[in-house]
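The chains carry the letters A, B and C, assigned in the order they are written, with residues numbered from 1 in each.
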Amino acid sequence: MSSISIEEIADLFANNLSKVLRTMAGFEVSSIQCGQQGMPEIEPSIMGAMILHGQKDAMISLAMEDNTAYMLIAYMTGILPEDLEEQDLYDGVGELVNIMTGEVKARLANTPYQFRLTSPFALGGDNLKVVFKKNLQGACRFLTAGELEIIFRISYI
Amino acid sequence: MIKRILIVDDSPIIHTLLRKTLEKHDFEVCGDAHNGREGVEMYKELKPDLVFMDITMPIIDGLEASKLIKEYDGQAKIIMLSAMGDDDIIGQAEELGIDIFLKKPFDEYKIISAISKMI
Amino acid sequence: MKVLAIDDSIMVRKIIRGAVEVLDGNLIEASDGIEALEVMEEEYKDIDLILLDWNMPRLNGMEVLKQLKADRRFRGIPVMMVTTESERKNIVRAIQAGAAHYLIKPFTIEELVKRIMESMGKGE
């Protein structure tokens, strides 16, 4: 297989996340590169993440506002947002990362880009940011479905 | 007054979420249809005050089903449930006299304000 | 109908609960492999179907599957793997280890309901 850029890998993840949200929540999602015109400011308060071990190790994350997480999980489980508890939110966002990663892992199996999964985890707090060291390679996608906004990031670590 | 509501959608999750929200506000969900044809049949049988109608469904889609319901009952009240990317269809539905759309994902506020516009 | 769902995600267990309730069944939950084997000791006589995730803490789904199939009390209960693991070689491994059905995440709730019915012998 010829070489794949981190931008292409980011698209694999973003496209698969779109598929996951279409299948499990019935949402139509569109994805653009972060920083493009029309990308609004959002202040994420919840983030699901996972470390991937491969030839190069990477971290992937999905960040969103609480309201987005409530809606996503409500639409995946059929439970009203107000009946969801905080632990459902953290679990759900972590699991979303896990499900998004499954097919990408299968796609990249037996290539130089193959990786092993770790257990997903979730972080919470106001206006979460992920700050990596300078010059680390990474890519970012901004995904929207109606009013829902999600930021996907991948970075070699 | 709107009291009895029929839900036509192929997704059981949408039924569950809509039903819970509607019942919380004292509406009665009188029927659950899972495709357009079932929706039309149940409309004739149940004569609900309002229909929530999904667009993309098997057998008969929401647009065709709405047309059949409107032919049967010109006064039928229908709220269409749409996903992003259904813009073409929204235009066609407007020609049928349907002017209320709920874009997925919808929350309690959107559902209740859509119904209040119907009265 | 009684179903045991073994998955470390609360959300996935809730989705499964929704599907099992559509079928008027009962659901028992376990959040990892060790807990699942404990539940089996107590309740195996009533369980008609096991839904099993692959990647879980403590004891993963593949190890659970092997232990279930090695125990003559549990062997006859059908197991459906419900997992993000979609590499062909792993699907083959699970089937060879005795999984009767395999469902890859993401799935729609309709698909899940249909697959549960099929694996209970109530499908087409």
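The working rule: a contact is a pair of C-beta atoms (placed from the backbone, for glycine too) under 8 Å apart; a residue touches a chain by one contact, two chains touch by 3 or more.
The model shown is predicted, which means the values in this text are computed figures rather than measured ones.
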Category of the chain touch graph - line, ring, star, complete, other: complete
Pair sharing more residue contacts (C-beta pairs) when A-C is set against B-C: A-C
Rounded Å distance, subunit A centre to subunit B centre (Cα mean): 32
Subunit A-subunit C separation of Cα centroids, rounded to whole Å: 26
Centre distance in Å when subunit B and subunit C are each reduced to the mean of their C-alpha atoms: 35
Multi-partner residues of subunit A (each touching 2 or more other chains): 76-78
Sites on subunit C at which at least two other chains make contact: 18, 108-109
Where subunit B touches two or more other chains at once, by residue number: 11-13, 16
Touching residues (chain side subunit B, partner subunit C) in the complex: 10-13, 16
Complex contact set, residues of subunit A against subunit C: 19-20, 23-24, 73, 76-79, 87-88, 91-92, 94-95, 98-99, 101-103, 105-106, 109, 117, 119
In the complex, subunit C residues that touch subunit B: 18, 22, 108-110, 113
Parts of subunit B lying in touch with subunit A, wherever the complex brings them together: 11-14, 16-17, 20-21, 83-85, 103-105, 107-108
In the complex, subunit A residues that touch subunit B: 25-30, 71, 74-78, 80-81, 145-148
